[in-house]
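Across the two complexes that follow, chain A remains constant while its partner is chain B and subsequently chain C.
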Partner chain A sequence: MNRFVLRRLLQAVPTFFGITILTFIIMRLSPSDPVSLMVAGASDISAGDLAAIRAAYGLDQPLPVQYFSWLGHVLVGDFGQSFLFKRPVIQMIGAALPNTLVLATSALLVALAVGVPLGVVAARYRGTAVDQIIRVVGVVGHAIPTFWFGLLFILVLSVDLRLFPVGGMLTIGKDPLDIGDRLAHMVGPVLALSLGGIANYSRYMRTEILEVLGQDFVRTAYAKGLRTQRVLFVHALRNALLPLITALGGLLATLVSGAVVIEQVFAWPGMGRMTYEAARSKDYPIVMAVVVISSALLLISYVIRDVAYGLADPRVRLR
Partner chain B sequence: MNTRLGYVKATLSAFVLIGTACAPVAPAPVAAPTNAATGAGPTLVVAPAATTADQPKPGGRLIVGDGSDSKTLQPVISTDTSSSLVWARMYETLIDVDPKTGSPVPRLAEKFEVSPDSKTMTFTLRDGLQWSDGSAFSGDDFAFTVEAVMRSKRTVRKSIFQDIIGAKDYRDGKAESISGIKVDGKTITVQLETAFCPGLINIGGFAIIPRSVFGKYMDPKDASKNIDDAAENSAPTLAMGPFKFKEWVPNDHITLVRNDKFFGGLAYLDEWVRRVYPDANALAAALKTGEIDLGSIEAKDFDTLRAVTTLNVMEYPNNGFTYLGWNELRGGKEFFQNKAIRQALAYGLNMDLVIDKVLFGHGQKMVAHTPPTSWAYDSTGLNDYKYDPAKAEQLLDQAGFAKGADGIRQHNGQPLEFTLITNSGNTIRETLIQIAAEQYKQIGVNVTPRTEAFEALVERTDHSKDPTYGEQGGRDVDAWVSGWALGADPDAYSIWHSSQIQGGFDDTGYKNADVDKALQDGRTKCAQADRQAAYKVLNKQLNEDQPYNFGYSANNLLVASTRVQGIEPGSYSRFAQWNINKWWVKP
Partner chain C sequence: MVVTRRTGGGSATAVSLVRGSTPIRAAGPGLWTNAAQRLGRDRLTLLAIFVLLALILLAVTADLLAEHFFQYGFTRQNLLDNYRMPETATPAFWLGSDDLGRSQVVRLLYGARISLSVGFGAALINLTIGLALGLAAGYFRGWFDDLVQFVVSTLNAIPSLFLLLIIAVLFTPGPLTLVVILGLLSWGGVTLFVRGQTLALREREFVVASRVVGGSSLRIMFSHILPNVMPLVMVLSAIDVGGLILTESALSFLGLGISPPTPSWGNMLTNASANLSRGPWLVYGPGAAILVTVLCLYLIGDGVRDALDPRLSRS
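Right, the complex of A and B next:
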């Protein structure tokens, strides 16, 4: 097992470097640079000042020099300073990451708590109206653009009905520890974020449960005289969950990267929005740092997933 | 379950899940930089109804909504308006500009004057000025601010101060202070190497930071030390303005509280808060629900928000404009060098229709560079290029561009056609190029509208090189739509002087000796009457030559809760903040 883990981790290292190099190249080769974008449209800036800043940021160096300089700093834990915000990148990520994690884990829990039972119910009542309805909900939930849903939520539930706030994490003036206020602010974004997950997990579970229900051991269970509910939730579900664990493995990284659109619409100060704005403004330090963290997490989570799968299903032998 | 199949399924499912989770979603429309200047026309402020019975009461909080977070609270390294919206409430300037006309007015300095040779500025400070901790404010803080700019590696403002005598030596570490700045009690004297009229507003209007806080990051003998990484850049400890810093929750909000030592009359508001709403629709929704008290909206939301009884919508001219640029240094499109063609492109585009369709009427046509609200504006002799397709066609005929069988004009085999580019995601500009293409087609000009990413367009107009004229500074573009956010000073040197074709902002390659001279005069002969005369010449020539179709200026649309009193909008003060200390909220 240990050799397996070690080998996987070592295999991940070149992948990791490849990802950083690719991102670096894409960012640098695409048009414009952070300094021009910082001041675009302002008529009272002199070109000489801009050139001096580019030099100060090292933007006039050859690309390989810039990359290895960045890499050297990262390897000692220095992710550099944001060009735009002139603050350490770590500080900015440290501020945005908790917000994104709160949102993402809540959305994940909601998606699982709603999606998995829906999938099981749909499988149980396969072919009936209940099944049809759940499947349509699944398709619709997957097809709805989150941006549109988010705005609709705001327009109907926040503006017309005044049930929820429009955006942000809390109400100005209220105690920051007011849980009720915090939760109220989370309803919209979590709902919008979990829509796709609910749709996915319900469809997914339905398929898996149906697959499992066709297995021999289930027929044995029925033959033994077990109630359907027990067969379903104790035997079938457990087996159907295995692939779900696999799927969840890759989610760790996407949790971290945040949902750009939701954060934009609901003014949620998270990683997605920060990364998107950084990418638009060519704020390389932030984008590279987020890529490093996300890819590291992704690669690690794949290893964890493989190990977990091996642990959960004794039939799987890890080589 | 068969293990191998299960593994395959598991992996596939993982990909499916990750794939769907990472499905590219259309990024929400980022509010494009609305660089609009208002054109001619009456001031159209719809000020909130004056309630004479109410008296200002201290207390309460104002929540302002903006589209992005501040990047820094340090004026020296700040480059964007989302940052200045906040730090300008805490840091003050020697002089300010009149919010309606842009003329210089006293602020920390109760008197100011410029010497006849325009090389010396003298400011006289008021009595009893104090920072928020009670320590005395002095001219030395101003001198320190200039020192901080000259040694900063992140500032874009060195060009403002580098003509001060001794500034360059200080920057290079050859001096321990700037010799051209002398502080004598309440009097500050700034001496320039050459006459530079914009210096008054740019130097006198620069926010001053305290030496007592930032001095420790600098060393007079060591030019490599600067304030760029000071912690107080994000968490200011002292303030001169009506408010001082309380907290900054990144990307969410910044809270300021009243500064009890403010010289201009203590603010009535207890707290001033700025929240971030990146999506314009969400911001408008937040105004409707009262989640924020003040914000700017797009033209399309004007009617809906005006119908809300708890909101006041104020419309007033903008100090900037959106234009169509014609590249005169473009291989194959040399017709742009012909004034008659450019004039035809002014007569041939119905800008009023554009303003109507695209801005819902909330804008004004521009026909020259300086916006009508500026003190430097003079409308005499300006051609308003009223939409006249017949005249346009006449000009094109006279220029030798006859219509071919396909309706497109051509001259000596060179067809009158070009590509018109703007940045994607900006629906206003995208509609503008569509309308332009349609209307120009009618006069026999074949225009292909195209969009590209904002970054690509910036790159194109800043750094690209035309294959034929690249060496002379020609950019790799035929024609494009972009905008300018103008500064407080009417100087337009960086955009129109012929020296600015290479490496400056004269992206069209326009060159005119009278314009060059007028720009120079405007920069060196600083009596207001002289500058007015210079800019009259500048605008008359630009109006005639039409190096741009000067397009339109989209009006500022500022929305405030009816609870907020004291607002007096003006083109030269973003979000009408110039008199924020006089605002109060009805309980």
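Right, the complex of A and C next:
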């Protein structure tokens, strides 16, 4: 098992370097020059001053030299300073990342809690109207633009019915430890983010359960007189859940991507919103750091997923 | 799963060689004939195809409709007519007007044009890349396969919207550049799928037979493997176009895709969200348009897959 974990970790290393190279190249290919952005607004800058700034930041060095010097800093967690806020990037990300992770994990839990039972029910009532309705819910969940769902949520439930706040993470002036207030702010964004996951899981579970239901141990369970409910939710579900682990890793990627738009709709102070604003003001250090850090997190989640799968199903380790 | 298709020359010759004098079985209805028959009984998929075709027709005739029926250009503004509630009396204001007095329904028509062409255009690019790389990686294996897999896993490890966000900001794309960028970043899934199928197909008898009679690699890839991969790739492409339309609308909504005054469903929603209190009706149209279009594409993808391979059918 240890060797399996080690091998999986080693496989992630070249991918990580691939990501840093890609990020670096995209940034350097960009037609807008960081130095002119840095001095934007300041008048009377001579060509000599510009050259001096270039030299000070090492921008006059050959590209591979620049890449390795940047990489050296990245590996020790130094992502430089934001052009705009003049604060260390790592600090700013440290403040925003937890907010995004709260959204993404809540959405993941909601997706599991709703999607899995839906899938089991669809498999149980296969071919009936219930199955059809769940199928339609699933396809609509995939096809609906999440930001539109968010806007409708705000329009109907927040503005018209005044049930939920329109955005933000907590009400200004209220006790920041007020859990009820925080939860009320989370309902909209979490719901919007979890739609895709609900659709995915219900579909996935339906297929898996149907597959498991054809196996011998299910017939045995029925034969010894167990009720359908028990066979379905204890015997079949446990075995059908196993392949679900593989679906988890990919979902995190979708959630982090989805958060960019949803955070914008609900004014949620997370990493997506920060990246969006940094990208609009061409604040390179923040953008590069976000791409590298979020990709690294994803890579780690893929490794964890594979290891978890290896733990749950020893046959996988042999591959 | 693999859809088996009768391939010409190679396999038939091989069979007749082995069987000697036994006559070859008469050909039954082909894959597509069977699929079309099954599709004809699937009402939901037929409805989806009909709606999508209607949308395409509306998008194509947007100029004519705007000029002769609505008599209101998509850029025409009239501040005296701003925030008109939806009404049936004037066709141009069927869905109301926005903050500048522009006709919502006419702009939706032009938005359809943008969304559909971005979706189909980008899909064309990523399918071409995906098919070429997937076929080559699966057929030749070795270092080329490793390289392709490495690039795909690297691209997949970056949250896609972050990558698009950066590129969109740095290069401020027009509609055409956007199509190219979306196409160039989204070929990973198709490539892995085609590669997997090719790996399985290259060991099949009809491929081995073709190699025995001296078929070149190119011939095997394009006239034996490709036709067998194609049906499922077409299914995948319907879902692919849907996903691309969603991505384009999200980017445009963030103000990074199609930028005004060119109307796209995404940037119309940006405008709607800025005027939420004065013109709430502006929110419904563009979102519903995206939902219906993508829904149709997904349903068509599902339906065609079921029709091609009844073993996978849902009921």
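FYI, the second predicted complex is superposed on the first by the 267 of 319 C-alpha atoms of A that agree within 3 Å, B and C clash if a C-alpha of one lies under 4 Å from a C-alpha of the other, contacts with A are read in each partner's own complex, and residues count from 1 in each chain.
In the analysis below, contacts are C-beta pairs under 8 Å (C-beta built on N, C-alpha and C of every residue); 3 or more make two chains touch, one makes a residue touch a chain.
Quantities reported herein were computed from a predicted structural model and do not represent experimental measurements.
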Between chain B and chain C, whom does A:95 touch in the aligned arrangement: first, second, both, or neither? first
Pick one for A:86: touches chain B only (first), chain C only (second), both, or neither. first
Superposed model, chain A: greater residue contact from chain B or chain C: B
First (chain B), second (chain C), both or neither touched by A:147: both
Between chain B and chain C, whom does A:264 touch in the aligned arrangement: first, second, both, or neither? both
Is A:44 contacted by the first partner chain B, the second partner chain C, both or neither? first
One more residue to check, A:168. First (chain B), second (chain C), both or neither? first
Just checking: does A:8 make contact with chain B only, chain C only, both, or neither of them? Give me first, second, both or neither. neither
Thinking of the overlay built on chain A, is A:28 touched by chain B (first), by chain C (second), by both, or by neither? neither
Which partner does A:54 contact after superposing on A: first (chain B), second (chain C), both, neither? neither
From the superposed pair, tell me which chain A residues show up as contacts to chain B and also as contacts to chain C. 30-32, 142, 145-147, 151, 154-155, 159, 260-261, 264-265, 276, 280, 282
Would you pull the chain A residues touching chain B in the complex into a rising list? 30-33, 36-50, 52-53, 56, 81, 84-87, 92, 95-96, 142, 145-147, 151, 154-155, 158-159, 162, 165-169, 171-173, 196-197, 200, 204, 211-212, 215, 239, 242-244, 246-251, 254, 260-261, 264-267, 269-270, 273-274, 276-277, 280, 282, 305, 309, 313, 315-316
Given the complex with chain A, which residues does chain C contribute to the contact? 150-151, 153-163, 165-171, 242, 246, 249-250, 253-256, 269, 272-273, 276-277, 280, 283, 286-287, 290-291, 294-295, 297-299, 302, 314-315
Taking the complex as given, what residues does chain B use to touch chain A? 1, 3, 6-7, 9-11, 13-14, 16-18, 20-23, 25-28, 30, 33, 35, 61, 63, 68-69, 71-72, 74, 77, 79-80, 153-159, 202, 228-229, 233-234, 249-253, 255, 273, 275-279, 281-282, 285-286, 288-289, 291, 320, 453-456, 458-460, 462-463, 482-487, 489, 491-492, 494-495, 503-505
In the complex, chain A residues that touch chain C: 14-15, 18-19, 22, 26-27, 29-32, 126-127, 131, 135, 139-140, 142-149, 151-152, 154-155, 159, 253, 256-258, 260-261, 264-265, 275-276, 279-280, 282, 287, 290-291, 294-295, 298-299, 302
